[in-house]
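Take a look at this one; I'll ask things after.
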Amino acid sequence: MFMRVDRLITELPPPQTQDPNAAAALQELLGGKYGEMSTLGNYMFQSFNFRSKDKLRPFYSLVASITAEELAHVELVSNGVAMLNSGPDKKNGDKGNGGDISKTPFEAMTDIRLAAAFLANGGGATPVNSNGVSWNTDFITTTGNVIFDLLHNFHLECGARLHKMRVYETLSDPTGREVCGYLLVRGSVHAHSYALAIEKLTGVDIKKMLPTPNIPLGNIPECQKYLDEGSHRRLYTWSNTDYQEISGIWGNGEVALPDDPPGELEVVEGMPEGGKMQQLVGVPSAFTPDYAPEEMFEIASKLYKASR
Amino acid sequence: MFMRVDRLITELPPPQTQDPNAAAALQELLGGKYGEMSTLGNYMFQSFNFRSKDKLRPFYSLVASITAEELAHVELVSNGVAMLNSGPDKKNGDKGNGGDISKTPFEAMTDIRLAAAFLANGGGATPVNSNGVSWNTDFITTTGNVIFDLLHNFHLECGARLHKMRVYETLSDPTGREVCGYLLVRGSVHAHSYALAIEKLTGVDIKKMLPTPNIPLGNIPECQKYLDEGSHRRLYTWSNTDYQEISGIWGNGEVALPDDPPGELEVVEGMPEGGKMQQLVGVPSAFTPDYAPEEMFEIASKLYKASR
Amino acid sequence: MFMRVDRLITELPPPQTQDPNAAAALQELLGGKYGEMSTLGNYMFQSFNFRSKDKLRPFYSLVASITAEELAHVELVSNGVAMLNSGPDKKNGDKGNGGDISKTPFEAMTDIRLAAAFLANGGGATPVNSNGVSWNTDFITTTGNVIFDLLHNFHLECGARLHKMRVYETLSDPTGREVCGYLLVRGSVHAHSYALAIEKLTGVDIKKMLPTPNIPLGNIPECQKYLDEGSHRRLYTWSNTDYQEISGIWGNGEVALPDDPPGELEVVEGMPEGGKMQQLVGVPSAFTPDYAPEEMFEIASKLYKASR
Amino acid sequence: MFMRVDRLITELPPPQTQDPNAAAALQELLGGKYGEMSTLGNYMFQSFNFRSKDKLRPFYSLVASITAEELAHVELVSNGVAMLNSGPDKKNGDKGNGGDISKTPFEAMTDIRLAAAFLANGGGATPVNSNGVSWNTDFITTTGNVIFDLLHNFHLECGARLHKMRVYETLSDPTGREVCGYLLVRGSVHAHSYALAIEKLTGVDIKKMLPTPNIPLGNIPECQKYLDEGSHRRLYTWSNTDYQEISGIWGNGEVALPDDPPGELEVVEGMPEGGKMQQLVGVPSAFTPDYAPEEMFEIASKLYKASR
Amino acid sequence: MFMRVDRLITELPPPQTQDPNAAAALQELLGGKYGEMSTLGNYMFQSFNFRSKDKLRPFYSLVASITAEELAHVELVSNGVAMLNSGPDKKNGDKGNGGDISKTPFEAMTDIRLAAAFLANGGGATPVNSNGVSWNTDFITTTGNVIFDLLHNFHLECGARLHKMRVYETLSDPTGREVCGYLLVRGSVHAHSYALAIEKLTGVDIKKMLPTPNIPLGNIPECQKYLDEGSHRRLYTWSNTDYQEISGIWGNGEVALPDDPPGELEVVEGMPEGGKMQQLVGVPSAFTPDYAPEEMFEIASKLYKASR
Amino acid sequence: MFMRVDRLITELPPPQTQDPNAAAALQELLGGKYGEMSTLGNYMFQSFNFRSKDKLRPFYSLVASITAEELAHVELVSNGVAMLNSGPDKKNGDKGNGGDISKTPFEAMTDIRLAAAFLANGGGATPVNSNGVSWNTDFITTTGNVIFDLLHNFHLECGARLHKMRVYETLSDPTGREVCGYLLVRGSVHAHSYALAIEKLTGVDIKKMLPTPNIPLGNIPECQKYLDEGSHRRLYTWSNTDYQEISGIWGNGEVALPDDPPGELEVVEGMPEGGKMQQLVGVPSAFTPDYAPEEMFEIASKLYKASR
């Protein structure tokens, strides 16, 4: 089971401008083959299907706990996409009715790369890649063979890193860059942890392949603060009660990768503090949350009071 | 963000026998249009994309918190699928090497309906429907228009109920029946909650359409214990800190549906206690967790000790 | 625009028994690459996209009018699928409530080839092929180049004939055989008409390739009555007002194909008389039309009277 | 069965300019989840699969007759797409040969959003959404449970309305705007009619949810003439012989929705008068209808005369 | 089996500039319904599945040997796509490390039509069409009926010609134009050869339909040199040992098509001489072949020496 | 470019019986995520897109030459599928006409797992997996980053090995078992070669992970003869002229994997000798090569003579 906390895994700076094509690029990290839906889907189904859980507890717990973080990554990229599609929250942006919709207020939307993101989703994120093609079960590997699934996961994280790097190189807006910067650090942790798991089982020092591609995180300014706080050495249990056995893999004297700030690896019970989410203030002329939302706000306000 | 707890939302009885075609039927509730991946995907992306969250807090919290329960539903069905594909856990089933694999030990697998469930997934669950076709973004509606998205969700839960009923009617094994029985009760709660949300916003008493199809939960023996304990009147926040505002919708004197045991609706902070998961003991001849897993078990055991 | 008439293009004998796997085979003729959804989709979009309609009226009218017949073919196969999935209409089969659904009344449905046909569609037809894979735009060719589109259509009808032949060879039930027998005759007319259109434009006597495969319709007992009544020489306008120009192609002294009963080709204004549809009596235990449909029937009866 | 009439359901003004990206936006209303292929596909297969037709005649007839109108809607949007892709018909545009094709006459086509619309379809419409992704069976719900299918249809029409609104807001050309304006009025009728059907069966006054989104049709100038002529109060039988029982649902004193011009609902036998279609004059340099179409025109002209 | 030769089927001029949207147009000829993956896939599987090979040797050999040429066509288009995505090879373009990637070096990539071509493939080609949608088994026809499969192939080559023509009309860069020019000549040979095969078997002079569309190759400047050297009269065996029986079909006094330079058809043992491939010099800032490839080059250089 | 040789990479024993469900299992090795279409597609597009080829010649040549072998693997599995679908070649099986097709000669085909394999393909192979779902571009990784692509390929070969093992365990017929046995040996070579390539570039001794799953080839009787002849130590150039640089990677004192018969690795110029293909004698009643093929055979015979 999963509990939910109403915070983002890291706080995103507001977008400076509305940029649907940047949002479309970011979609590669959400619904692409090497995007967060794929890391989530792979680890989630691998953990559901895990064999002989008790006898393999540290490995099971590794896959199971990282699954939880991937949910937060899917959430993070989705927020980034929605923010870039929508632009900065306007104060009282959702006020009043949607105005005269007969004046072609959204003509610009015919030229954005993924027009359905506006037409169907009102600027919201969906599990598609940067070309608008759906995520699907083709991207899931869950064989039940532990060594192979771990090897797949290691390769998946390396591929994810490469894609994050390239998406990062296309984005100038701080929102999208922060998404990439954060995910690069955390994805590096996951790649490292799968490498250690493989090493424990096979003796192969596969972590020497990291980083792939061979550019240190330190070259990305947006990664710096996360490196400074040691995020690259930290694996969360994402649980108050379970999965502590991952410290058998991530710990025991293992240290940071050579390119990153040095230090011992550590397991942290629970999750990161996270940050606030943007409101994504509605756009009545786009019928979000509605064309004339005032009555809706009033009802919600009364229900809110009744709930206290 | 999401935390994880290593328990199933309800405990499943072990399967009496291996029945991959029953597992394939259950896949409809996992990856079908009206399966749990769809309820999860819809509510998850709707919550990520939710507009004007603060002003619409009770509605946002409803969709956001139910998302967390849908994760547990996906987990429940996945466990059911894997259990039916695999049969009862054999004591020490994962002992020894995989034996002589040259004697066609899995000939029976050529005749099961979804052979890839064995060939590719070793009996594990994946997000496909009962015909083996992938779940995908086609099944997601996230428009940002609150009333329409809620109407969609209400229809989705009604459709999910119909599909659960039919899958239930095909299953004789207690594992699959328990999955259906439990989900029927909880899906009913979600349909009811969306109906109330719509009623608050539009004044339409749409909950009078429930249950669809028009058969009471009481007719399903596997639902009885959940009705007895009042599960049908209970909505969880799935959080220790957030989403309590759902009591503005689910509460305030609202009561159980007429066909179900009477009583007031109540919001419960947190989540259900849940139950234990089956081990899914490996099958070395199918290379799960490996052909000769002993060394792997030994390594895991050492790492486990190191983690304590 | 299209008007609708509540009759099947030909009357189907009731199925002798419920045979979902036969229905699944018939799905190839509905949603397969060379099925009726493909002929419909190709001609419909070609007619919508047709260039220089006035100057090319006979060719436009040919494609446009055959489109209408393909709708009737889609309807015919769909009825056949639903009938084979459901078995013979039981008198008062939809009476009473659905009974005790907890006794696994549909266990047999876990072993049918396309279980979703029961679980999701209650025995209804959908646009998928015999493996359960969806029809889609990949099967549509609409280039706007008249000669190429006609060549495509000629090839499509030949392929459709081959597929009908093979499906026919797998079916023993009279319902499915009648579907195939009828469609073989009418598909032959369409192949012939596209051949004539190509011949008019290019001078190539491509109709000499017919029949492909090289087996005469006369070898199929179910075709006999349609040949006897001259259906193979008849092209309908499917309109009371338009498309008569097809007689410029289908007529003018053109005669039946050598293997078929001889005679002149003729254009018939309007459509065939058709036959009655089966009731497809509901199965309350499968929730069709509902678990307890009596009240629904009563309401419908009152509304029916009010409409008179 | 379906008859065909060579007229559009409403006459479209010619496009002012060629605008493939506007055409691509309009594709959302053709092949998107909430587009006309979906309304057509849902109602068509629901009507084919309808259970206990005689006992539920008014409901069967409702779904069956609306199916026919959806065909006209698919045709309308397809014409709009092709017109916007092609620009205004040029007088004698299809004259002469295609000229020197070696001068990159269509370089601009590399930058349009859905380049395949030109490369593969010569400007024609296909069943894909605004991102170029195919319509498919995922968008079809046909369960055989009458109440659920009606609820689905009600939700589908509301979603379709939202999507039409947004597409409308992106279009400045009169062709596309007229498509949207007309479909908004007619879609509203369909939503209303499904609401009435649900109300008859369940007592729930679900029509109070209309319009969703909550903006009156009167705000759309292009809707005005249709409202003036009472189109919003009119349901067609789309048949000369059948489906009159829909007046049990649409009629009996039921009146227009509160936001629309008042008046009683009425059933009209047959179909609207409709309007003329544009020629879609060919573009020889794009090989439509061919590179050098003169001989083709001549042949067609002779065949036309022969047909008279 | 297939042997490989490290040469392109014809030498491509280097691109004058980087033009990802032109590359995207060219993708239609790679992964579109009528692209080279389709010709390859159809002939390859038809040859694998060919029935009664010995008795039908000339026909089998025709399909089998053309398969080999289609591999070279897939390679040619792929090279063209990669070249247009990448622009001209820069001397020492892959020198040094990738520089400061934090300056958004690839912002322009957010606006290209198929952003995933950069983000996922670093400018490489993949089997998708010009809208980014995947090639798949829908595009394969392999029925085992020889006449029908040949008819399909004839239609496929005609469709391929039309698509090549249109893509050609959108391209100004010499690289893409050369790809089209060459493929037009060779595709014409394949269409002609399938026409002859059909004629031998059925007596229908179907080659009279060529060329479709009705524009001579001579109108395309890029075709001229290939016509001059007689490529349009030449069918290769693509083998040193097999498939010579194709001269029973392509030969025996058969001559070039009327629009093309006259002469007898001839079978050439083996394959064309071909030309050199472009280096596709890496872009370290895009991590191709890596961010800092020097060490990699050095290793490769040593291994190269060791291999001599 | 690729030349073709009319031989199978290894000779397959004829099937003992017709077994379409065994053929369907084998399809997983053709069109599944870890099947031969995937190894082919990945290496083929990676070789087309390879950057800085000259500087990285040994690595380029490795991927390029293995591509050619994968073509032979696709051919091998396809032959196996067609053979199992069809059963043993009957002497003169394609004689005479197809007989009376009205007696439901293929009723058994309604119950085979992938009915379209008969209905559409007459028993032929197509690029779909064991559930009938299409291979597509989702299964292709071609990033242009050499180290990552090699890592992907290493993982792909390990996954392919696991899938081959499982398919092998389901097959009792010698045809399918031979396919698996041969591919297991050759796939092992490819995994080993990618491991060596990675080791050269990164220093990581990743070959220590082999074999995955951890069962020696020697346990598979069908592998024995290939091990005896040293196939596991042999990498072919698949060329008479190119790719010899692979000996920089596969050679230089490198030896066989510890579980396999010992010896030095060796590069062989060219390809294996291969074996004969089965005729796949036609089934006239299934219209392969036609319903009445005698005239076709006669024509072919004449053309054959003319070609000599």
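Each chain gets a letter, A, B, C, D, E and F, in the order it is written, and its residues are counted from 1.
Heads up, the rule we're going with is that contacts are C-beta pairs under 8 Å (C-beta built on N, C-alpha and C of every residue); 3 or more make two chains touch, one makes a residue touch a chain.
Computed from a predicted model, the values in this text were never measured in an experiment.
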By label order, what chains touch chain D and chain E together?
A, C
Which one of the chains is farthest from chain F, going by Cα centres?
D
To bring chain A onto chain C by a C-alpha fit, how many degrees must it turn, rounded to the nearest 5?
180
Would you mind working out whether chain A and chain F touch using mostly the same residue numbers, over half shared, or mostly different ones?
same
Interchain centroid distance [CA atoms averaged], chain B/chain D, Å:
38
Between chain E and chain F, centroid-to-centroid distance (C-alpha), Å:
23
Taking each chain's centre as the mean position of its Cα atoms, how many Å separate chain B from chain E?
48
Interface hub residues of chain F, defined as touching at least two other chains:
33, 113, 120, 122, 128, 132-134, 136, 138, 143, 145, 147, 162, 213-214, 286-287, 290
Can you list every touching chain pair?
A-B, A-D, A-E, A-F, B-C, B-D, B-F, C-D, C-E, C-F, D-E, E-F
Complex contact set, residues of chain A against chain F
33, 136, 138-139, 141, 143, 145, 147-148, 151-152, 154-155, 158-159, 162, 198, 202-206, 208-209, 212-214
Within the complex, which stretch of chain F touches chain E?
1-9, 31, 41, 44-46, 48-59, 61, 64-65, 67-68, 71-72, 74-75, 78-79, 82, 94, 120-128, 134-138, 140, 142-147, 200-201, 238-249, 251-252, 270-272, 274, 277, 279-283, 286-290, 293, 296-297, 299-307
State the interface residues of chain C toward chain B in the complex, per the touch definition above.
97-98, 100-102, 104-107, 109-111, 113-116, 118-120, 122, 128, 132-134, 285-287, 290-292
Chain D - residues contacting chain A, complex:
19, 21-22, 24-25, 28, 32-34, 113, 129-133, 162-163, 165-172, 213-215, 219-222
